[in-house]
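Okay, so subunit A shows up in both of these, paired with subunit B first and subunit C after.
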Partner chain A sequence: MTAVRRAAVEATPSPSRQAPDGDGRRLPRALHPLAWWIWALALATAVSRTANPLLLFLVLAVLGYVVTARRTEAPWARGFQYYLYMALTVVTIRVVFRAVFATGITPRDHFLFSLPHIPTPDWYAGIRIGGPVSLEAILSAATDGLRLACMLCCIGAANTLANPKRALRVLPGALYELGVAVTVAISVAPQLVQSVQRVSRARRLRAGRNRGFAALRGIVVPVLEDALERSLRLAAAMDSRGYGRAGTATRRSRRLTGALMLLGMCGLCAGAYGLLDATAPRVLGLPAMTAGAVLCVTGLRVGGRRVTRTTYRPDPWKLPEWAVAGSGVLSAVLLFTGLGYDAAELNPSIYPLTWPSLPLVPTAAILLAGAAGFLSPPPTAPTAPRPAQRRTQKADVT
Partner chain B sequence: MIPSSVTRATVRVTAALGMAVAALGATGAPAVAAPQPMGRCTTSSGAVLAVDFSHWGGPVLRSCGTTPATGYELLNQGGWRTTGTGHDGPAFICRIGYGGYQGGRQYPTAGEDDCVLTPPASAYWSYWHADPGAHDWEYSQLGAMLYKPKPGSVDLWIFGGTDIKGTEGRPRITPDQLRAHNTRPQGDAGRPASTAKAPSLPPDIDTGPAPGGQPKSDPEKTGRKPTREPEKRTARPGKSASPQQSTSPSHSTSPSPSASDTAAPATTPGTSPRVVDAAPASDTAHDSGSLRPVAAGASLIAVVGGAAVYVARRRRRSE
Partner chain C sequence: MITFDQVTVHYDDASRPALREVDLTVEEGELCLVVGHTGVGKSTLLGAVNGLVPHFTGGTLYGRVIVDGRDTAHHPPRELADVVGVVGQDPIDGFVTDTVEEELAYTLEQLAVPAPTMRKRVEETLDLLGLADLRHRALHELSGGQQQRVAIGSVLTAHPRVLVLDEPTSALDPTAAEEVLAAVTRLVHDLGVTVLMAEHRLERVVQYADRVIHLPGGGQVVSGLPADILRTSSIAPPIVELGRAADWSPLPLSIRDARRAATGLRTRLTGRTPLPARSGPAPEGPALLTARGVTVSYQGVPAVRGVDLALRGGEVTALMGRNGSGKSSLLWALQGSGPRRAGSVTVDTGAGSTSDPHAVSASDARRMVGLVPQTPADLLYLESVRQELDQADSESGRGGTAVPTVGLGDSARAILDRLAPGIDDSTHPRDLSEGQKLALVLAVQLSAAPRVLLLDEPTRGLDYRAKNQLIGMVDALAAEGRAVVISTHDVEFVARAADRVVVMAEGDIVADGPTTEVIVASPAFAPQTAKILAPLPYLTVEQVVSGLDHPSGTGAGA
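This part shows the complex of A and B:
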């Protein structure tokens, strides 16, 4: 079992490995995780601006290209297809709900088919169940769902491309306990999958039953045992590295941190409320937001003073990082400023039905975000120990 | 033999199901209500629709429709047209336009509100009712698609801000200024009696967009003025042209749309709450765009997707 664990640990590629690229152009290395996150969040922000199906499908294609070109072989880097399934589910749920709870039927709609109508009492008049389903309703639900799906896929792309463990290093020092908890939590799922696969492979090799309820017990018990062993090992490792220390914070500094953070959070809440509600007084908006942000940053600084950390392998922030983050942010800026195109083209009319147009500037902006696919350095080559790892696993289980 | 009988039975069942579905569809689809000339609305029949364009320096336009209709249908017939929001669908009235006012332009314009999200409570079309005999407005507690105006009532749309209860931002115009005061359909002030005869015939069919009006539009064209007259008649009652209008029977109200794009009602000057009757007009032409951008976009998506597939293939080979 120990050999397997070592192999599993090795399977996560080390970002500092610098083997020459096959094409001999650039040295493969992992991009700074924050650059991918900025890129993806900016693209998601840009997506939130538009309901044009052409642009939305273009975003999906761009995401697919960047992810296939720049993902690593790490466990978290294989999940993009699941985000696509989730996106499809979102669209389907939206369409089905819109068809069943048909609201807003206009006489000019193109009716496709009709569902059985369930009459509702007068006091329930706002909701209509069943009845005729129109092409317009389906299309508007589908584009709305597609926008949400695109945003989901943007987050999925960031999760696929960025190493989550290294991304957590960016957290301010005061939040390191939170960072530790999140790191442990996100390593659990891939590890569980790995151990389930391993145990079921062992059962197959022993010609044991692999399906049904009886097999479940045979799988669950070793997996749980494995998880327990693993968490004990992790706890020991973290303890030896000094995690979980109470720190040297005095009572006064802890209270100061708490008060600053609480006030800051209140300020942020009030500020968000003031910014979003048009009737709120002006003072509540931007000033409260700024004050809250300043208080929060101060609180984090004060709290972070007691945590001293050293960096073993620093993630560099070089030209490719600037290029990737910049391409994402620029595309969001182009979609928000509305320079050089009619803002109405971002939301083509469905009532009445109109073919969507392809505005030039937003299209170029999305393609620009897609340039991240070759602006970033190639990912680290598939690690050498993979075939060896399989062999050790097989040798181990037999 | 058995299989064939089975198939026949299934075919019969499917056909029955299909017919049931079709029947449901037929009953479920909302019927289009009929727009009518203002004179057809009385104190006890028809519903008056009034839309206040004074926010853009325009008049209060009013027209008439048959009653078994929702507020939405009343607001979407006879040249009236609304736009919903991207967020809430067509049920939320974001823009209102009338084919005979500013060439069917819908207000607020795209520059003022892009109608993607729900407009703020400080600038939106608020919906008010006045039942027959009521002296004050009632803020609508239902959306336009759910509310069904009573016969003889007035529906008013004003642009501005309200609070949730509708105690602020009330209309300045009174229901009596808008409501139909005639007890019989033909009794409209500026309306000659002869026009009332015909409306009883087929106003609901003929008032549709173009087809009913087309054959009549030729005689109309020779005398363009009458087509403008019906819209102006309240503002300038007793116009000399009114007898001429009476010569062409009520069907002429439907051809009037053909000329209504001259925006006659808007040009009539008046006092501060100008009330102008809006005759049923034709729908403004709708441009459904071209397929070329769709084709261009699809090919672009195919190119980027193809690049993704190519990269994936190459990676798989190199592994």
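This part shows the complex of A and C:
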């Protein structure tokens, strides 16, 4: 009920808020951030299973499509290209290192080129620098790098698609304070920058020294005093607005929460390692992950009991959220179970060099994840500030 | 609604209590104005209403403060959030979230109000304060007036019975201040909210007040009807001073009432030429600073467009205009430290030679043109007044032990003693009042003996007494033959302090001329005395008083 009303209100303000999506049937709204994160993490898990460059490129294409189709104009949504650059850097570094620190070449390998060999001293004999480089070595480095790059881009896609502030609001009650701290820090950072600029500009008026300790002090002292006064005023404002009201946590329950969370996190880390590294012992995978998750949930429950707070306009979890999260999870499951295809096709052989094939089921699984691009509702258009007002503000704040 | 019962507040490090045995009752639905000089305990009084004093600030509170039946001794501020809403001086400091809508909902979230109620209240508040168009906007992109309205709205969503406003308009230009005050009076009349408001610029608010709480100092509190309290209070807006001088009864508090009472006064004054608001010879002689076609732009957006300006020695120029009209940019460009895209600035450096402050080093520019920025404290970073003054002397190329010469070129200490006597050497600059801080920064800047001095919004946050002191300082500087430029929104201050007014809009100079002509030309921004006595050309109460005292003085027939 609430959700329906919410969607209606979101759509009303003006027609320009409609995304240029074309399909008029669905009202634009933001998808629950958790749905995007589940989708992206599931896809990253799926990627970890394969070294097939064709599949990896397919994943990149899918990510590109979904991000283009569903991102907003918000500042955090403009960052996907930087993840792509970073991915490219990862691949390049891997290939370059593999070429420079050559691991030798066997007669059956395809010789590509040769770098001048730099002799290393005896005590450094383990590592060779330079020498002949084979095609196989380069290709295996490239696919490894590509896999890593794909996982990186999955995280990037989640960051681009999900509003990080809304994501913080999803945090359970026990972690609410953490969310507030992050939000405050995000809004304080620009103020701090502004105050540094203002003070260093004012420094010129006294013609103070521009270098050295004295200059630093002339800037740091006023800025810090400013920041301190400001944070005291913020604390007073938060206090008078009811922050931290009626907390009933006892010391015991707080310790219990802490212990449960710590253990749970350890479990989750171990579990993630076990799942992602195919060579790790089986017990480290799912069981550790489950145990960790259970511990974490219990900890959050115990901690959350003391919180009396409501959320304004909570993001609804409806059919599109299920569909997006489900498509991601399903593709991960398909790549893990290996049903209906030869598992070797996921990791095509490099020795001897073969052209990778495109197995049907994994391809379908990855395309299925791409369905998130149209399963999710179109995003709401941004409310861009007008430049004139921004300028007024500049003069206003100083 | 609010009851103070024998309240004494004593801060731990203070020798005397900030409030002493205060008995006070504020009824429901009243708009109460808290008046008093800086440092008499206004903020303490306001803070005590929602328990910030002493729960947050420390110190000891004796007696009882009861708000809507709750004793603040047993309820910390957060437990009173549903009864008392507090809005501070600088709205941006109190914002926890970063968009308008979330900020409005924040208090409700903390109070665990059910989601549907929360939605409804936020929508209502958006409409009530005219914020509906801004709902998705980021808070830091809003103008000052809009921010202050959001701050009021953000406490209003909790439906508090009491609203405490600590100088809500002091950081705003006149238009934004009107916007906020209109919103506040609407709340009082439409919702019956009890409002407790502290304000320095009494001329803006006194007509709306139902009751005035006056803090004369020494921790005392006197409360009563505005007309009664203001008749004898130590601070009063020009309208009240005029009423006292003319002996009007009852004391008028709005321009309308005053004009009706002033019929007789206007008749008495008709035909007399008022003394000039500022005494002293009209400044003449060559310009100390000449600016031609000064243009400043930030990322392609012009802030100042081809401004021509000449400043003469002994002349006090007021620079007016709304926020963002380019006043600060112009001052910084004239000083040479700020960016300048085009145009020229030449400063007379004595002995017939001129120089451009932008082209020389910062320390040379400082000897030609001094600038006091909007936040004077930005220039202070040492632990004591003594250290700051010594540092200023050494920055000005003078050893601390050098013999101070008379007039231009005194040591910073001598200048400070002349501007604001009695500031102790060992005081920490942060502990000074706003007016004293301003005097200290002025002394620091004047130690370089610039002949042109620019002050960027020095009147912000000053009470009447500090403004009088500032007028004294500015007069002294002009009498020494310096050219002074003051950017300000305060038209009452301009009427008393400036010889000449320059008005800027959108980076252009739209008016430039003698104070009398320029500020009387627009009735909306004229000082209160001018509004009351129009069409007579009186700007200040002092002019009227001297006109009445010396009927034959400079009278028309004399």
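The rule is short, and it goes like this: the second predicted complex is superposed on the first by the 239 of 398 C-alpha atoms of A that agree within 3 Å, B and C clash if a C-alpha of one lies under 4 Å from a C-alpha of the other, contacts with A are read in each partner's own complex, and residues count from 1 in each chain.
Please note the rule applied: contacts are C-beta pairs under 8 Å (C-beta built on N, C-alpha and C of every residue); 3 or more make two chains touch, one makes a residue touch a chain.
What you are looking at is a predicted structure, and each value in this text was computed from that prediction instead of being measured.
Q: For A:Leu286, select first, second, both or neither according to whether it touches subunit B, subunit C, the two together, or no partner.
A: So A:Leu286 meets neither subunit B nor subunit C here.
Q: Return first, second, both or neither, reflecting whether A:Asp239 touches subunit B, subunit C, both chains, or no partner chain.
A: Second partner only, subunit C.
Q: Quick check for you: in the superposed arrangement, does A:Asn347 touch first (subunit B), second (subunit C), both or neither?
A: A:Asn347: touches subunit B, not subunit C.
Q: Looking at the overlay, does A:Ile105 come into contact with subunit B only (first), subunit C only (second), both, or neither?
A: The answer is first: A:Ile105 touches subunit B but not subunit C.
Q: Using the superposition on A, tell me which residues of subunit A are in contact with subunit B and, in the other complex, with subunit C.
A: none
Q: Would you pull the subunit A residues touching subunit C in the complex into a rising list?
A: For subunit A paired with subunit C, touching residues are 2, 5, 165, 180, 183-184, 186-187, 190-191, 198-199, 201-208, 217-218, 221-222, 225-226, 230, 233-246, 308-314, 383, 385, 387, 389-398.
Q: Which residues, counting only subunit A, touch subunit B once they are in their complex?
A: 22, 51, 54-55, 57-58, 61-62, 64-65, 67-69, 103-108, 111, 113-117, 125-126, 130-132, 136-137, 140, 144, 278-279, 343-344, 347-358, 363, 367, 370, 373, 382
Q: Would you pull the subunit B residues touching subunit A in the complex into a rising list?
A: Counting only subunit B, the residues touching subunit A are 21-22, 24-25, 28-32, 72-73, 76, 83-84, 86, 88-91, 110, 114, 116, 120-122, 142-143, 145-146, 286-291, 293-294, 296-298, 300-301, 304-305, 307-309, 311-312, 315, 318-319.
Q: In the complex, go through subunit C and note every residue touching subunit A.
A: Interface residues on the subunit C side: 50, 52, 55-56, 76-82, 84-86, 88, 90, 92-98, 101-102, 105-116, 118-119, 122, 136-144, 154-155, 158, 298, 301, 303, 323-329, 332, 335, 337-338, 361-363, 365-366, 370-371, 373-375, 377-381, 392, 395, 430, 444-445, 448.
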